[in-house]
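The structure under discussion appears below in the form of structure tokens.
Going in written order, the chains are labelled A, B, C and D, and every chain counts its residues from 1.
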Amino acid sequence: MKVGILGATGYTGIELVRILSKHPNAKISYLSSKHFESQLISEVYPGLQGICDLILEGDDFKKAVATCDIIFSTLPHELTFEIAQMVMDAGKRLIDLGSAFRFDDFNVFKKWYGSNDDIEYDKFNKVYGLTELNREKIKNAQIVGNPGCYPTSVILALAPVLKNRVVSDKNIIIDSKSGVSGAGHEPKFSNLYSECNENTKPYNVAKHRHIPEIGQELSKIMQEEVKIVFTPHLVPMTRGILSTIYCNLGSDITLNEVYDLYQEFYKNDYFIKILNPGKYPSTKSVVGSNYCQIGFEIDEHTNTLIIMSVIDNLVKGASGQAVQNMNLMFGLPENKGLDIIRIFP
Amino acid sequence: MKVGILGATGYTGIELVRILSKHPNAKISYLSSKHFESQLISEVYPGLQGICDLILEGDDFKKAVATCDIIFSTLPHELTFEIAQMVMDAGKRLIDLGSAFRFDDFNVFKKWYGSNDDIEYDKFNKVYGLTELNREKIKNAQIVGNPGCYPTSVILALAPVLKNRVVSDKNIIIDSKSGVSGAGHEPKFSNLYSECNENTKPYNVAKHRHIPEIGQELSKIMQEEVKIVFTPHLVPMTRGILSTIYCNLGSDITLNEVYDLYQEFYKNDYFIKILNPGKYPSTKSVVGSNYCQIGFEIDEHTNTLIIMSVIDNLVKGASGQAVQNMNLMFGLPENKGLDIIRIFP
Amino acid sequence: MKVGILGATGYTGIELVRILSKHPNAKISYLSSKHFESQLISEVYPGLQGICDLILEGDDFKKAVATCDIIFSTLPHELTFEIAQMVMDAGKRLIDLGSAFRFDDFNVFKKWYGSNDDIEYDKFNKVYGLTELNREKIKNAQIVGNPGCYPTSVILALAPVLKNRVVSDKNIIIDSKSGVSGAGHEPKFSNLYSECNENTKPYNVAKHRHIPEIGQELSKIMQEEVKIVFTPHLVPMTRGILSTIYCNLGSDITLNEVYDLYQEFYKNDYFIKILNPGKYPSTKSVVGSNYCQIGFEIDEHTNTLIIMSVIDNLVKGASGQAVQNMNLMFGLPENKGLDIIRIFP
Amino acid sequence: MKVGILGATGYTGIELVRILSKHPNAKISYLSSKHFESQLISEVYPGLQGICDLILEGDDFKKAVATCDIIFSTLPHELTFEIAQMVMDAGKRLIDLGSAFRFDDFNVFKKWYGSNDDIEYDKFNKVYGLTELNREKIKNAQIVGNPGCYPTSVILALAPVLKNRVVSDKNIIIDSKSGVSGAGHEPKFSNLYSECNENTKPYNVAKHRHIPEIGQELSKIMQEEVKIVFTPHLVPMTRGILSTIYCNLGSDITLNEVYDLYQEFYKNDYFIKILNPGKYPSTKSVVGSNYCQIGFEIDEHTNTLIIMSVIDNLVKGASGQAVQNMNLMFGLPENKGLDIIRIFP
């Protein structure tokens, strides 16, 4: 199948290139970049020399839609809505790595993203693309709203205990630590090496745009409103997210029972790995791969369940999951072209 | 005054050397090291050449006590109890950077540290050395149990709101991120560069030895038992601790009122900096210095107060606070020899 | 084919596991580890859970040889000589990632490695495993001495200009920068995170054991004795080697002509990428992959050719090249199982 | 004395603030910043809160000159020439951390910096500010051209052997490795964390603007034209420069004799530390301090002297040396306010 990547030189864009270049069923046919238009992608990223030497095109989205079977977009939502319409009209497929199609209620989107878009949101045949939870719907979706990196790490970690109602829906505390690539490929002061290196810092505390996305999905899983506190942090590494999540245990349950519950919940999920009781995940165990590892601990003095999950923010948290969804949409095995082992050390 | 440092080649030891070498009232007179005995400290750490060229001595603690006015110990508790007795007998002073003298109840110490020591703990004239909270007692103490790095960052952050009872004592969630120097100068697999670099990982979840220390001090501040959940993490940087703390607000209070409360609480404390509402601390703002910076946010949906504090784990979290205490014990201005600005970038 | 890895938990060992786990023609059948004997490899390295869950065996080399078609050894030379004999006797194949089989003259090996081994070195049917230069011989070798990481980066960079005699054989200056994983998976002070992080340092200046290996191979290429100066450095990153090499240009030659010469020399080599004139390589362009990138510049004021090459020290500099050699030895396409794109960012 | 810093928010600017804030004889009176005009410097850099809370002013250089005894400029040369004229007219002093006043021959400056300035360069009473070599001239200079970071590390390393003519003036190879802060506080792609982290790369090979500066000063020392090859590299750390320098030994000389020669040459220089034969410098031994450490090795096979020097690029390589020069200009001890020990680890 022919794929196009709109916004191919950002970090999620080139990660798509890395994965799709070796995908046995995909052929990259169209790449666009605003910053680097008309250069070879292998000039911008010399590591791609001889692997992907396409010319980066500009904004000719019509051509992209016309020549590709599936489009991956990493562009701002204004543009994505345009592209989505073209894709719908042409009967093609779209996976949006931005935030445009992650929401059930357009007003929530508009409020948190400061959008003035005036569109008929519900006309789009779209699905929230957290593969493990929405697998069947994704298969037939025309448009997939690929989840945010933090939401992926959080929702996968919480789904089993919320679904089984072993924790309270009140005051779920989520403390996430992300590598700096999560802040994007943007030349601004706060992304500079010398500012980020040897530095750990919280940001957008209780205000991050992933909050409504996490809340929406958790509430659907539990079938009542789930309230979360979410604090993202930047830590000095390039890739990886660790989410440490604190919940009140509503019932008497042992660590082994929690383990069994997760094992059962994810028994058919290739990319989810549950760690044995007493083991905790580290980001380095998944970097470069599409895996999510989940571990837990119980603090008995306070009856708190501590869930820890790790993903590579650019793979399972973005481009890897997007390809996982593409595989589903085209009837391929979910791990096709994604069966990559983490880099260690 | 003449100072001795027992265990001078660990990270807190050489940090004491860094600070005390330039302290106008101190003269380093005795350094010991088990690993590097009889070498020059400036051979082990060439950056000290011409600055401190003393020979590292072995275990002659008697000589140390005899020739020094004050001893800093970074040794294991078994040895520290021995040294403490010598110090008491000789009428000298001791600041212990280990855990031996941080507890009110010896049984708590024995339980958490797996100690079989059979000593008369209460005979020691000792004080918990969190300077800002115990200033008066420290002045006259013979033995100071210098606080742990995590407890320093946590207790300073929580004292104002616990003292003023604006938060609940239930389920205080503490999520701390530490640089790797906190794991000590020990050649083991988990401390290797290639394991720690590009890696974020939780450890000792709900089991870390700093839990009883934090609990003890917070409970004294609030005058009732405070229950905490504590998860430490290692992040890939050398120095710095960020503690992100989540508490239930017990009362209606605005962000500005919280700010005022902290400003008032720490108005006479040279090394505590309260950040304006809306600003959050980053570890890099204090690295190399004895400052603690504190910021906060309120999550209104859940009525949660999020407190964030940063220190340099080797300075305010260890050797800097030790020198701050030494200054107090010898009637010097608290910031003498400690008035060092952070390194940035 | 069945493969065994002796010393599977060091960095080159687990890199072999990473690559071979997904190799379509290989089946990992035997893993050994002295440190972690009888644990699952996926317990030691949780990132391998569900990917490779073999038990780490001890020193039963006989069993390894008996059950495998090819053995990869990362063990010390004393042990490797033993294993090599077993392999010879059993008519199997061996790829040694240590230094035991890299030399033509056993006395050179003994001198530089302080070895007292008393063996008949020449009886071994062995080849120096720099794939691009010794391809034909490797196909039929029973034992391959896999090159060192620095020599790989240096010899590939220099072969074209030495072979074509465009540079002088005198005073070739080689200044190499390596990531810390090159120092191995050994718990010693100099490998600790806090010592290596934010630090660049030369080591073994003019004394490194890779000097005779480089000298031997370059001299064979040029058919006269080549004299080199070699300074290795550790830089604070996990993976990657950059070698910056300075040679006196013996003849009038332009940058474009140098480029053409390299292109011609490596025209059939899948993993060697020559950069356009004016472009210089960076280690990040190859990390995680088996590629070597080479760029150059001419300093006209001094008539100096500056050659810069980058590899991933654990892939092309060790385990990747070993698998490349295995492919050759078993009649497979050279890039089978190795067609991995670098991780970026 | 009252000091002004023009361009106070770049990395050399805030390093001046760090040092001068605690200088016993200096009072920071004027700070300017184009980007952050009219903000408090402690808002831009929260680590300065309570330490330096001045408002950042704009381009009112007249006011700066009028109110200060000495001006430090980190601005582009066009502006610096303007300011220099004002300083001359007002009888004040200027230390320029840019490149405007580092050259003897204005044409060399114009050629390498692409400048079209049409000024009377020789009217300025200026000195090249490498303190150890030009101490007497600096005392009375009105304008000091503070050296570049690479030149400082290189010239200090080579001066003793060039002065004493123990090495050849031909083909001196200089391979320098710098932390990323050397690339400045500028938001561009190549300075982003995710591009620089885990990456080592050469840049401006044989073309860097520090080449003529190094050549000029070395030639003066040797009193004949010295030809150098210079390759700068960026390594993933914030601070520090290591220069590894290769020279042909012109005469028979032992390592111990080289050591004695350096010791003698720098016997009165507080900030220069010569390492014992067999010891090599590492950047971490000087980070945060104004020291320069120098070590060496002889490669006997090629008769090559390898000199290695380390400095902190922002201290001895920029702001520290600037303050050292200021001390000289005002009759103060050279190490006043600069007696800072490196941060380790």
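Throughout what follows, a residue touches a chain if its C-beta (ideal position, glycine included) is under 8 Å from a C-beta of that chain, and two chains touch if they have at least 3 such contacts.
Bear in mind that the values here come from a model prediction, so they are computed numbers and not experimental data.
Asker: Relative to subunit C, which chain has the most distant C-alpha mean position?
Answerer: Chain centre farthest from subunit C's centre: B.
Asker: I want to confirm something about subunit C and subunit D. Since they are copies of the same sequence, is their interface symmetric in residue numbering (over half shared, so same) or not (under half, so different)?
Answerer: Same-residue interface.
Asker: Distance between subunit A and subunit D based on Cα centroids, please, to the nearest Å.
Answerer: That gives a centre separation of 45 Å.
Asker: Cα centroid separation between subunit A and subunit B, in whole Å?
Answerer: For subunit A versus subunit B, the centre distance works out to 39 Å.
Asker: Please compute the C-alpha centroid of subunit A, do the same for subunit C, then give the distance between them in whole Å.
Answerer: It comes to 36 Å between the two C-alpha centres.
Asker: Please output the residue numbers of subunit A that touch at least 2 other chains, ranges allowed.
Answerer: 11, 179, 181, 194-195, 197-198, 236-239, 281-282, 284, 287, 345
Asker: Residues of subunit B touching subunit A in their complex?
Answerer: 170-171, 173, 175, 177, 179, 194-195, 197-203, 205-206, 227-229, 231, 233, 235-240, 242, 244, 246, 248, 280-284, 287, 297-302, 304, 306, 308, 345
Asker: Give the list of subunit A residues in touch with subunit D in this complex.
Answerer: Contacts found on subunit A: 11, 179-181, 185, 187-189, 191-198, 236-238.
Asker: Show which residues of subunit B lie in contact with subunit D when the two form their complex.
Answerer: 11, 14, 18, 21-22, 45-51, 181, 185, 198, 238-239, 273, 275, 279, 281-282, 284-289, 291, 293, 339-345
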